[in-house]
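The data blocks that follow each hold one structure.
Paired with chain B in one complex and with chain C in the other, chain A is shared by the two complexes that follow.
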Partner chain A sequence: MPKVVAKPEVCMGCHLCEVWCVVAHSNSKDIVKAFKYEKTPHPRIIVDENLPEVFAIQCRHCEEPDCVFACISGALYKDESGRVVHDESKCVGCLSCVMACPHGGIVIDLDNRKIVKCDLCEEIGFPVCVKMCPNEALIYEEG
Partner chain B sequence: MLEMKFDIVIIGNSAGAVGCIETIRSRDKDLSIAVISDEKYHTYSRALIPYYLAGKIDLEKMYYRPLDFYERMNITPLLGKKAVSIDFKNKKVKLDSAEEVGYDKLLIATGGKPFIPPMEGFDRNLDNVFSFVSLDDALEIEKILPISEKVVILGAGVIGLMAAEVLVEKGLEVHVVELADRVLAPVVDEGTSQLIEKAFEEHGVSIYTGLTIKKLNREENHVKSVVLTDGREINCDFMIVAVGVMPRVDLVKDTPVKVNRGILVNKKMETSVKDVYAAGDCAEIYDFITDDRRLLPLWPNAYYGGRIAAINMLGEEAEFEWGTSMNAMHFFDLYIINAGLNVTDEIAEKEGYEILSRFEPEKKVYRRIALKDELIKGLIFVGKVDRAGIYLNLMRRKIPVTEFRERLLDYDFGYTKLPESIRWNLLKNEVILGII
Partner chain C sequence: MHEKIFEKIEMEKNQTGNIEFFLGEKEMKSFMLPEFIIERSDERCIRCRVCERQCPEGTHRYDGELDMMFHAEEKCVGCQRCAVFCPTNALIVRPHPSQYRPNANWTREKLQDLKKQAETGGVILTGSGNDKPYRIYWDHLVLNASQVTNPSIDPLREPMELRTFLGRKPDSLEIKIGEDFEGVEIQSELFPNVMIETPIVFSAMSYGAISYNAFKSLAMAAKEYGTLFNTGEGGLPISLRDGYGSSAIVQVASGRFGVDPDYLNVAAAVEIKIGQGAKPGIGGHLPGEKVTEKISETRMIPEGTDALSPAPQHDIYSIEDLSMLIYALKEATNYEKPVSVKIAAVHNVAAIASGIVRAGADIVAIDGLRGGTGAAPKIIRDNVGIPIELALAAVDKRLREEGIRNKASILIAGGIRNSADVIKAIALGADAVYIGTPALVAMGCTICQKCYTGRCSWGICTQDPYLTRRLNPEIASKRLVNLLRGWSHEIKEMLGGMGINAIESLRGNRDHLRGVGLEEWELNVLGVKGAGE
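Up next, the complex of A and B:
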């Protein structure tokens, strides 16, 4: 299954993956507009940080996705390519997936009372966090 | 009389059934599968009833899977047909339509049914007393809503409280009656109950604890008011009974299938009868915290149980090892996640649990973790629930907290707070190490 994998030894915690994740999922795809004039930014990649320990993690698109098992609405499902997909129109924001995800990969969007998660930049075609990481601390495994 | 025969027959059409179907089809495309349900509807999510009544989703979004699900999964839905008995010897399920459905493997996933406590004046003919667990309940309540101003809800558990929230937001006067001395007592500790009670109070819901309904005053088939055990009388236009659900096990009563409170299953989800499995709210299943069976009627456990049953039906081995009590709830703007045992202060003292807690009442934030033998046995997060699943993972994998216990209450708790050996062991397939 496809997923983004981190190399913790070369992550310096710059948070650029979070910044570009927000841009990639914004309406404008413009860094200034995305942060200053659109809804509250919610990066779908999380820099897990306890310096000097730091690495970035997001949805693992698990083989056995606990979030999908827990989802009460059918918003989360695994598609044929192996991605765990979130259908926002079906999400009721119950946060059962937050309870279930062993990686802490589900992000709560309280403004919309829904969740957001890594979609491997489906719209753009390639994970932007991987592309923009200055240290090559993230790689894309197409699975 | 029509006779049918399938490799796998599932009685029930909710989370347990879907978990079983999807798991089988992820491994096998050819086995014939039938789903039997007395409800005529496409598989839908009972847990969405409050969202539907609140107007947050339309009816179509109540469906748990897309409308082409049965077709895509290549299964035969036998809906609106009630299984009335099972002939375990000849491996046949008899339906109320007089049809017989033969099986090679059978999954019983009949779910739960609402418990209605004895109340003077109650009978099944009442036209304004509802449960809150089926689509039919939701549709009936929807009809009566526009002509109603006052409602009494019996039971302040998850379902009763979710109903109360929806109805007060719809502008009704809401009265909730709860026998215990606080709301959600079986699920959360006193501190959490207080935060929830306060949220309801702020939104104008009246909660009466330590009381129940003694009598219904009726006019023909219509409840006009209820009388509580302290003699108080509350008028209502309709009433919701949300005291809890009991396993729906009528089908296997007085059969070789062993039943305690629910259908007894082993960790492979097998019942006491060969080739017969059970999952979901009808079953008594393993809790990995206590390593014993109990009723755990919760959505993730049902799906996961159906999945484990499926794997074993296919002749592979899998055990139900990740189930326990777990709830993700929200009332107004208060989000709550709990998992494992509900260790109140009293239980902690009596049974020797250590409690770690962090309480910021002005922010409505509360985190409480119960430890025993250096393992997390229970947690309750209120207000800040982000990444709670990381803790559930530590519980499931029985990771001792000795080396990071002082970090457990950090709001940004994550994998970097764990010692390296534990961290990279848990994430071994998720990161690349050894490049420097």
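Up next, the complex of A and C:
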């Protein structure tokens, strides 16, 4: 199953993965426009800090995903490539998946009463956080 | 140190201003002007706070209440980490335009140093190499090329040899050829030599002075390209001995840190360090706060204690004493490894080098006026020693005159900036060159000269676990290998242009150099003709 894996030993906590995740999921895909002139989307990757330890957390696209089992509306499902996909139109914002996820990989979007999660940048074709990490602390495993 | 950053992050949670951000650590009001000015384009700034997180000095600060970034310019050291990592190029960091009344004698730097000294009462420390405008002789030497009378060589089509052997060469080569020309044998006694694929070696930078990741990056790059790195005086961590020992020159310096039989025997060569170009006559001092558990193991000193390297080696007060140490090390390594002696380039360098060769050294390493350091008194760095170009020419000439040039290889350090400097050094008589600062720059260093603070924002010259992980050895070693590869290609191009197909043919070949804008005495010391002659 494809996923993005963090290498904590070289993660320097710059949070640029979050920044580029936001850009990748914005309308314009322009960094300045996305942050300053659009409704800024939530990043789907979160850098967790307990200094000096620091690394990025996002959806692991688990083999047996607890979030999918917990989803009451069928908005979360596993597709044929092994990715855990979120169908926004079905999401009722119950946050059961957030409680079920053992990794903290699901982000709450309070404004829209929904969740957002890593989609491995489906729209762009490759995970932007991996591409833009300045220290190669994120690795894409196609699995 | 990371506790401080931790506190900073804790404070961020309040996300409002705090008075400590503006309070310095000094007891009295500082009269110094900020060294750098930070210009932030608000049109571009997206408040991602990368600058704040990347700055170990705490220059930038985010205010959550106002959703604004602030900065304290007096903390900025001009390392450009924030400017490079800013994803929207919103930052410009440049020398501060504020000036005292212009004065050719009392420059801004002199005044600032005086004020700093008046506030601290201490020796002014600095890092990196001499930044004063002493004449750079490389820039006054030009290379030859073939035209009409001899053909130039295209290195992309024809083989070009950069392979270099470091160590003592036999006085003469006697060959015994068997009957019917079968079984050719070398009769002369051969001495241990180290083979390197390009005449470029990484300078001595110890684990302790630089981070484990930086040290490992140098080791990885040296191994991959088939050249050497130098451990400096901080020992070779056991975890790196099996993998990279055969690419290491291990140093035995005045503090004898990290020296054990395995350390000596695992290496390609052993180097006795007498002096360093950045601080001739001065010892070293690794502060206890940098002596972490791993460093204490490698250096064989208790954790948290200062690692003091005395100024002289206390068992070497004469050439005879030096000879004893050289042979002690040869004995310890079963006469299988060349022994190098590294000195700083000082006034009598030629005579000293001659003594070193006669004492039994297989390699003489000379470190010039512009050699770098992790920490040195600024007054020493900027005023002691002589330029490496003159020292190299003087040593090569002296050893030739005395007929002992073959007994030792010459390695030079301090002030090599590009491949042209390398090739000019070889034409002046060097066997190979050490590069320190160029390697650091390849890894990210911007020569901000704050190595001595231990807060290197590029993760090179620091032991702070939050900062060292910024340097990914996988990336840094790739950058270093690219540097070696690029320079080697350029050297081949220049050699080809001269019509030479092996670096060996250029060594000490001063006919391929001409001086431009040099005085008679300088041309004489360098042993080169003026351009047009």
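The rule we apply is simple: the second predicted complex is superposed on the first by the 141 of 143 C-alpha atoms of A that agree within 3 Å, B and C clash if a C-alpha of one lies under 4 Å from a C-alpha of the other, contacts with A are read in each partner's own complex, and residues count from 1 in each chain.
Keep this in mind: a contact is a pair of C-beta atoms (placed from the backbone, for glycine too) under 8 Å apart; a residue touches a chain by one contact, two chains touch by 3 or more.
Predicted model, so just to flag it, every value in this text is computed and none were measured.
Superposition note: with chain A as the common reference, chain B and chain C can be accommodated side by side. In the superposition on chain A, contact of A:G74 is made with chain B only, not with chain C. Touch counts on chain A: comparing chain C and chain B, the chain ahead is B. In the superposition on chain A, contact of A:I124 is made with neither chain B nor chain C. Of the two partner chains placed around the shared chain by superposition, chain B and chain C are both touched by A:E9.
Touch criterion met: A:V98 reaches chain B, while chain C stays clear of it.
Within the superposed three-chain model, A:E49 lies in touch with chain B and with chain C [touch as defined at top]. By the touch criterion defined above, A:V32 lies against chain C but remains apart from chain B after alignment on the C-alpha atoms of chain A. Residue contacts after overlaying the shared chain place A:M1 against neither chain B nor chain C.
By the document's definition of touching, of the two partners only chain B reaches A:K90; chain C does not.
Of the two partner chains placed by the overlay, only chain C lies in contact with A:N135; chain B stays clear of it. For the three-chain overlay built from the shared chain A, the minimum Cα spacing from chain B to chain C equals 7 Å. For the contact definition in use here, the residues of chain A common to its chain B contact set and its chain C contact set are 9-10, 49, 54. Within the complex, the chain C residues that touch chain A are 2, 5-6, 9, 43-44, 46-50, 53-54, 85, 87-88, 459, 464-467, 469-470, 472, 474-475. The touching residues of chain A, when paired with chain B in their complex, are 3, 5-10, 46, 48-50, 53-55, 57, 60, 66, 69-70, 72-74, 89-90, 92-104, 106, 108, 139. The touching residues of chain A, when paired with chain C in their complex, are 9-16, 18-20, 31-32, 35-36, 49, 51-52, 54, 134-137. The touching residues of chain B, when paired with chain A in their complex, are 19, 45, 47-48, 51, 56-57, 61, 63-66, 299-300, 303-304, 307, 322, 326-328, 330, 335, 337, 339, 385-390, 392-393, 396, 412, 414-417, 420, 426-427, 430-436.
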